[in-house]
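We just call them A, B, C, D and E in the order they show up, numbering each chain from 1.
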Amino acid sequence: MLHDAWLIARKDLKLEIRSRVALNQVVPFALLVLVLFAFALDPDRGLLEKATPGLYWIAVLFSGLLAMQRSFAVEAADGVTDALRLSGLAPAGIYLGKTLSVAVQLLVLEVLLGVGVAVLYGTSMTGWLLLLATIVVATAAISTAGTLFGVVAAGLRVRETLLPLLLLPVLAPVLIGATRAFEAALSGTPSEGWPWVGLMSVFAAVYVVAGIFGFGPLMEES
Amino acid sequence: MLHDAWLIARKDLKLEIRSRVALNQVVPFALLVLVLFAFALDPDRGLLEKATPGLYWIAVLFSGLLAMQRSFAVEAADGVTDALRLSGLAPAGIYLGKTLSVAVQLLVLEVLLGVGVAVLYGTSMTGWLLLLATIVVATAAISTAGTLFGVVAAGLRVRETLLPLLLLPVLAPVLIGATRAFEAALSGTPSEGWPWVGLMSVFAAVYVVAGIFGFGPLMEES
Amino acid sequence: MVHLRGAVALLGRFPALAGVDLDVDRRRIVLLRGANGAGKTTLLRALAGLVPISAGEAIVLGVDLRVDHKSVRPRVGLLAHGAGLYDELSVADNVRFWTLAAGAVLADAESAMARLGLDGRLSDVSVGRLSTGQRRRTSLACLIARRPELWLLDEPHAGLDKEGRDVVDELVRDAADAGATIILSSHELDRAIDLADEIVTLGGGVALDDSGAGGDGHVA
Amino acid sequence: MVHLRGAVALLGRFPALAGVDLDVDRRRIVLLRGANGAGKTTLLRALAGLVPISAGEAIVLGVDLRVDHKSVRPRVGLLAHGAGLYDELSVADNVRFWTLAAGAVLADAESAMARLGLDGRLSDVSVGRLSTGQRRRTSLACLIARRPELWLLDEPHAGLDKEGRDVVDELVRDAADAGATIILSSHELDRAIDLADEIVTLGGGVALDDSGAGGDGHVA
Amino acid sequence: MTTETAGPFGASDSGPTSTGSRTTMILGVVTLVALGVLVLFGLILSPADENQGDAVRIMYVHVPSATLSYVGCFLTAIGSAVFLWRKSRWWDLVAYASAEVAALFTAFTLVTGMLWGRPTWGVFWVWDARLTSEAMLMLLLLGYLAVRGIAADYGVRAKRAAIVGLLLVPNVFIVRQSVQWWRTLHQTPTLSLSGAEIQGLMLFSLFTGFIAITLSFIWMVIHRFRVAWLEEQVDAEGLDTAIAERRAEGVVS
């Protein structure tokens, strides 16, 4: 299973390296979402200052959605789904592999976006630790749940619209959790943030289990 | 040209009626974007109260993006782009037809979302007029610009990620304009809103012209 | 109708056509053959004005493709590997749409569907549900409803059953009689050679010297 | 190897297979033929465990498909119309990926590519850039690198040039000699009939009684 | 040759043959009576609240329908789980029926809540934690129904919907919990009017509300289930004819 996961993840990352979609397009998209909100939420009201952690995670969420769409668009090519079913790869392995490759891409994105936020706010050492932990755990949560719902929408012609619809409400708690944890880290009260990290770990764990068992049946038909 | 536009628009709307993607998925997605922001921007700070018009238009924008993606995903099917090029349909007609079908879908979406906003805020008669005018003009702006950039991304394998990247910055002025106009209408000072409506009309007019002349060359490459 | 001299076409940076010479007169049926990757598809697409000619002469239907590659398009009919159909619309909706798009009338769509056996149960089935051969028939129906002057058929027999192949041959002959020019590529030489008036063998992006119609001319 | 009795398979609500009887022994090469839409592709996909059998008996490689349609999958090789390749990866990357996914070793991938003439310039070209026949060759290379026990070939000759067709025939005969079972569908009967040991004609989702055939659709 | 008419999931499930039966009719009558009693107590006999006036009467439908929206979600999850486990079409349709009704009750909760909010809070909607989480629940259900509505084969739809339905549970839980997770818990004067402080006729009215709304919930789920079941039956009935027609195609050519 882990061997299969590695095979899939390597293939996906190779694809990304050849096509550079995430780097050239998803990262700018995330920046864009951030800037857009600055437009919508007029800066002179002072809304933005307070809202940065929330906006950061919204930007990550939407970009994650895009990365996920791309990850499944690749598998939607003519006959690939059938080929995967016939391949003998363990569905759980495919699930873990795709999760891994999405997580790697998201991590890169988050670090690129996050350095800015952290520097602007200038946080303490413990703050840094919490920020990092939040990023890691939230990424795990987003990619485990995202990959599972990705396959629910996969193979359907309506994939592009169905995935956001299913995924966003499910990830809403992660959005809250990560935002709260970031706020705690940036406001110098990291102890308030750690419970959120715990919560998101539970979330990610639930979805890993659901994915490992659910991916097989979901891959079946389409 | 208008005949061609009508042919394309009718085909797209027939497709929508058969697949019901916009109705079943884009509309809920718009609601979702609204609610998600509520999560991210903590309600007890009173941020949201003021931000509703902005959120409304962000929701419309993201859903419009989805509708646009879908609109061009349909044309990306195996060989369809070539068939369109060979068809003898005037590119300007194709442009107008696709703009029209996206605009119709967006209008339905906006009315569904907007009735709520308007009722919740209870606006005056002149306010209503401004709201309506804003909706019509902003829709025109979003769909004219969206369709033009849609074709830039169409046919490329990275369509799903490229379109948002191109489109969102272009539409930022529309986002501001529509938000300001809505704020004016809802706060009972419609006279402040009308200049924005004018501005967006100019925006839409510029893009219609750009689309009519630019769509042909853009359809070429890919 | 078609006159190419040293025509070069690039796909990305790859010269898929590396100097093709080709002359086809009105009412002729020309068979393109050649190994996989020889450039048959690229040649047909170039003749349809879809792939730009970057060097050499290329005149199709009286239009110089290097000056204007768009105005031939509505006058040609290309049967490509990609079906060019909307999967979610029914067969009838697809054929009607492309017929109207080409400026023909609905009656043409109906008769084209009837000709290809798509008028019964199948006409209301979504194209996405069709079998390979049925999709191919639908593409063909769209093509003939357009009444093109130049037919460009990329492996027209592929995927069709015996009866479908006969229909294609009939359509091609009728079109040639009615004044159209036909260029088709094929790997099913037995059938295609009977149909063709002339045979052109492509290899490595150029037309190889050939022994003419009916000749063997096989290139390893 | 394959035993079907009254097998029914639904695509949506449409009974694409409406009660098929079929028996194939080890080392046999069976040709499926029939009109467009007869159910050939559906039958091959059903045998691969991709389309569920909703009524009747269906035993493939000793596995009852109605009980378990997954465990046969790694043991069959299906050449379908969809190429099953990642357009953005190179030919070599694709063949290697699918070879490793099937649990075979990299050397198998190399020899398969060599066998299909994909080892030169082409091995580094992205699959999305290939010609139809070259894609088909790549799919075939992925298939043979898996060394399946049951080969299910949907129009294996389509799109291939003369030399490619010869390679396919050779591969099929070698596989049969090595103990595999082969079921292929085709519309190019001249070629396929020579290759096949048995011919089964499908029509309307059932195996028709065949001219010169035994009562249950067998041809000597 | 014989061909089973049962769908892909076997003939073992037995189900209804019409949209109604004696039991459902009796249940319907009882529901109507209960609703009548609710109207009687809720609108006429129970007193107006000191603070809220007549607006408090909304509570008698608002609170029960909120509760039943959760029940509907859990029922959907149970149906989905049994479907995945036993491949039972019967349970799949239970999940489907209860998800639809749950969506209806969630919408009803939102509407009654908004109507209540106008007189008590002065606005229809605030981005309060509970309101937002209920809205999110609505969206989750819409997502589930969107999966049910995709144009794909029955098996595809059912299986995918079942996984989504199953994952409703952790999400209902998380969405509900998020009320507690909010930095400051939403507090309004009206919400402090919780169970213990309601007395006498008001408590009784709330009680009748629960009974009446629960009965309507059951009645709706049963009917929705029966309709869905019969729709499936109709599809299965057509199969024999479809097979015969399909075979005829072969004879022609």
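Just so it is clear, a residue touches a chain if its C-beta (ideal position, glycine included) is under 8 Å from a C-beta of that chain, and two chains touch if they have at least 3 such contacts.
Given the structure is predicted, the values throughout are model-derived calculations rather than measurements.
Touching subunit B and subunit D together: A, C, E. With centres computed as the average of Cα coordinates, no chain lies farther from subunit E than C.
The greatest centre-to-centre gap from subunit B, using C-alpha centroids, is found for D.
Measuring from the averaged C-alpha position of subunit C to that of subunit D gives a distance of 28 Å.
Subunit E has its Cα centroid 33 Å from the Cα centroid of subunit B. Chain centres here are Cα means. That of subunit C falls 56 Å from that of subunit E. Centroids of subunit A and subunit D (each the mean of its C-alpha atoms) stand 38 Å apart.
Contacts with at least two other chains are made by residues 81, 87-88, 163 of subunit C. For subunit E, residues that reach two or more other chains under the stated contact definition are 136, 139, 142-143, 146, 151, 153, 155, 178, 183, 253.
Annotation for subunit B: residues 19, 25, 28, 32, 35, 39, 42, 78, 157 touch two or more other chains.
Of all the residues in subunit D, the ones that touch subunit C in their complex are 11-12, 14, 34-38, 41, 81, 122, 129-134, 136-137, 155, 157-165, 187-190. Subunit C contributes residues 45, 48-50, 73-74, 76-78, 80-89, 93, 97-98, 100-103, 126, 139, 142 to its touches with subunit B in the complex.
Contact residues of subunit E toward subunit D in the complex are 1-4, 7-8, 153, 155, 235, 238-239, 242-243, 246-253.
Per the touch definition, subunit B reaches subunit C in the complex via residues 4, 7, 11, 14-15, 18-19, 74, 77-80, 82-89. Within the complex formed with subunit E, the subunit D residues making contact are 6, 8, 10-16, 18-19, 34-35, 37-38, 52, 54-56, 202-206, 208.
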